[in-house]
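Just dropping this structure here.
Going in written order, the chains are labelled A, B, C and D, and every chain counts its residues from 1.
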């Protein structure tokens, strides 16, 4: 499918280049009967919008979404939901067709396709992620009906990390920790002055997901989310639960011990508890009913103001100064993209899982 | 597809439980005309075999593979390649049907499916990975025709890591570094004595892959490998190139600078060079012709000899002592599984990529 | 995927309802480097357009297509090609929300989804096929590069069939036979006067397709085209080559005998010939290099002007007079839809087939 | 996927050649908790078995199935069900590697793959359908839990057709009509004497399927079944309901009129009735709750005893006498294959349809 479709039962396909007429997403397989209006999508898109933070590109992308199909009288109809976002404020003169920008996909696209839409990275632009956010908004509306919630935030910028997240705190960096925010803001300001950029980590948590979600073997919950999140251009790593630290633990330490609170032993007496959640809520690729969480590593923005060495498409050594408007750090804007991809993954796995056992199938079938 | 099929053009499906009659894999989409014999598969399977190392379970799994279809007169025919591995030396009395072993999928399978094959983890057993290795062996044979090679090794055990890999070194831990091996072997011995287990990291490198492999957006090369590798039961994280360290770098440091060696400027004069490979050989999800590499985090073996607290399927608190034969560390045996999954991913992306541009299509088409 | 995506390597997804804001198609997997302009699409769309023939609905659907992505400087870029067709001239007052129109999907949609967009059949409207034609136009451009052509025509209307097709003949019924056209036009006029409708058959031929296209077993060439063509709302049957007549033949009659023309025996001396083509150019699901052909049965238009008995959504017996503007016969407009679906099927199978043998793969790979 | 996998949620993959070690099927996505034993599969396989009828090949294929995975204590576990059928009584000396048999896929396989397993048609052999029947048996067990039944029979042989099917009648031709059977048996005997073969039609009915099954647009119920049934080697056509006769009807005749029996008007008062079922139980690709039925056209067996003209792989004209043991008519044995493919299609569409509306999803989800 050439890579622009994700998901089997709840699927998203995205299309569009950064400097074409528009970008968009089509969600297929969303169940009928879910309330969905433009503003549900817009709210999430606004969280990705540039031009509002001192640490983001001053480029104006209004990103107004329009639902073109798949809803009727305010509800999803079960048919494909097509969402369109027109491109505006394009300055294609900022881009040159010859130079291969360091850290970008200019060179690899030329080699794969023979040529490329060189205006603003075209299809490989971060702009493509707006379409994912639109699709993720639909997934989040569906998950909300089931009580499932997905929430991501900036976990670290450079070497400054959140220690105690407090979600009442809001700021331009989406970093729910006052101290960390202040330090990170300073780092960001320095990077901006130096015409350089910063990377960081995004933490994502999935709340209230019931046990039993995720398909064994190749579609394990971690595997599907890993594909989803590593498909975001700037993400270079992912780790669930204790993640890479797990590699340094003993089994006796890492194993999450399940127990029944003293007064509640027995199957009818309520929820199983765990002494730890090193696995991040997933065993054998299937959720156990506790919170799922993972961290994603985001590389520093490739486009920086400094003059850099590189080559051009004639394979000559050149000096390149990228004159466009760029984000010194992409992490705060990528938070909602990670959230969207996690929501899309979970929505799909929930629908795939409806057929896991014949009792569930019968319950759904005999209406 | 309920998760047991991976790949679109070059696909593998696996089946089988650890204590059923057999396990197996079916590879569909392997091009016709590739030399393939049982021993090509067997060689890779033997690298996964338990019972040979002092650090692995003494359980005997002979894992003799039999190709049942898809080859004729020693060559692949383009039709599905079915491979069967009979199960032997099963001691199902080692397993109990009631207890939920910590760190295992017993609990989640019961909740998803209503019941489970409780003998030796059934479908969620590490034994399932033997079928992946069989499929990976076919992928490696195909890649060999194109000159592409995939090689994985034990990068770290606990907190002991390889510093300068020397591939002439072979040992039970698949750790190509004498000093690291000695330290890690000691750690492993200690864990074994303590009836505990260890985790570690696996490094995987893909050599001689041409530029242009990987599909943009959702099927980026990193995304597909991430799904493949995170679908291995014990793997909890993956990172490409500089990985999580990238999150702490500046863009000016992280960007890989391309250049032409002084004497070779110009398109006809040979290979583009890079000053670094922080991206791990992938930009915009597409290979650039340099070596692709990633690290996978492997959690410590969940089955340990120590008595542990847990619950049973009546939701009662119990003490559990697992009496089976288990690996104090799984990393050395998982190396070839990671290699297999990477090979399967690359084989599939190469075939998917044949249609990227119309010139390639014409070259293939007009024969 | 909820059914709105077709194809694996060359795929189309369609979206949109007859009376929503727009309809559209996204083609993913089209190779880069193919010339493609709006008018290439428009030309095919115009062949489907209503309002031009005396035998079609006078409803005006301008169906102006706009390519929003996937092309650059007049050529495909290998990225998704999004095409948009705005809906105009919608008179939703023509439709009522309660009645179940005979022969339509009103009842089945209500039962499947719980409610429906009742305006003009919504997603189940024939209007959805305009998006397929747009996608088919892209497929035809790709096929043209390879020299492959797909052509469909009206084979019969009611009981009047073409005997000797002459493609220099053009008429409102797309029926390339003067005598048959005159008779059929009369039938059509009668049906129109009687506020009734007519069905018919469409013949489709695929020319210049090389041997070797089609995947064995479940993706046989006939199987994929059958899915594609039976997915058109009004089509109720398909038959390849001798089709249902084959069921009445002896094997000695049906078998297509291959031979070498007298002067050309031997592999280097040119094309294999056949004494007949009862198989319609496909053996074992794979093309043999001769013309592929099939017939599709099209039911009479369900919407007729006569008052009909039916029920409403309260399950009451009612009389229904459908007041909208409808086609007395849909066959002539469906011709291009069949052609589009056949082109999409063949384009996908050609791309899938690039990996059939390792020599082809090597030829494509080592560029 | 190279064509050997069918289905999205309930999928089957088949593998194996007629003269290799074995053939088999893997069913993935079958819900857990369904009773399934070897004999459930065997019963269906025996209906396909050759060597029992005077009109079928005397070749002995015992076709003993062995379930290797996916069941535990007599029930499906939700994991892949692998079924193996060993090949026996292979006489590969009956086959030659050079000649292209008329009506067979020898020539097309050679052109597609470069060479082929020439023993007994290899992968393109009708023997592959035994694996489908095994998969279909699993689908039928699942459908039985939901009360859905699929039944096929020989509708016609040559020009002799069933007029009033009486299912208490059983015979070697699976033709539930005494008169028709007697005539057809005579035809078959004549064909056998003449070393010739016969084709025919198979009727298939799906009973007790609820309304709402089938996905709109490309996965319409007819489209999926059409792919499934046209993927059977000998089938060249399919038609639903009135089929090709619909093409000759007026809309006023073809439209199926729904009504409520006099005493039952109103939604709570029971089943909607129809005056006809020309659509074969499907509208807009979705079932309406009435019986679904279709006819498939089966070409005469390609292998006949008569000496035929053909070419060989050096492109020389030759005379060929096929010496193997063959069926003078394949229709009676293909009946159960059609039934299996229909069952697999319906099982998959039922599972896909579980997510159609959010109320169904909630019912399945909140357990």
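Here is the rule we go by: contacts are C-beta pairs under 8 Å (C-beta built on N, C-alpha and C of every residue); 3 or more make two chains touch, one makes a residue touch a chain.
Here the structure is a predicted model, which means the values were calculated and not measured.
**Student:** So which chain is the furthest away from chain D, centre to centre on CA atoms?
**Tutor:** Ranked by distance of C-alpha centres from chain D, the top chain is A.
**Student:** Name whichever of A-C and B-C has more C-beta pairs touching across its two chains.
**Tutor:** Of B-C and A-C, more C-beta pairs in contact link A-C.
**Student:** Mind checking the centre-to-centre distance between chain A and chain B? Centres are C-alpha means, answer in whole Å.
**Tutor:** 25
**Student:** Please compute the C-alpha centroid of chain B, do the same for chain C, then give the distance between them in whole Å.
**Tutor:** Roughly 44 Å, centre to centre.
**Student:** How many angstrom lie between the centres of chain A and chain C, each centre taken as the mean Cα position?
**Tutor:** Distance between chain centres, rounded to whole Å: 38 Å.
**Student:** Going through chain D residue by residue, note those that touch at least 2 other chains and give them in order.
**Tutor:** 1-5, 8-9, 14, 29, 32-33, 78-79, 112-114, 123, 216, 352, 355-357, 359 - these are the residues of chain D that touch more than one other chain.
**Student:** Residue numbers of chain C touching chain B in their complex, please.
**Tutor:** It comes out as residues 8-10, 29, 31-34, 76, 78-79, 142, 145-146, 210, 216, 350-352, 354-367.
**Student:** For chain D, which residues count as touching chain C in their complex?
**Tutor:** 1-6, 8, 14, 100, 102-105, 107-109, 111-114, 121, 123-124, 128, 156, 158-159, 191, 194, 196-201, 211-212, 214-220, 222-224, 226-231, 233, 235-244, 246-260, 265-267, 269, 272, 278-280, 282-289, 297-304, 306, 308-311, 313-317, 352-353, 355-357, 359
**Student:** Could you list, by residue number, the parts of chain C that touch chain A in their complex?
**Tutor:** That would be residues 1-5, 7-9, 11, 13-17, 20-24, 26, 28-29, 32-33, 66, 68-70, 72, 75, 77-82, 84, 112-117, 122-123 of chain C.
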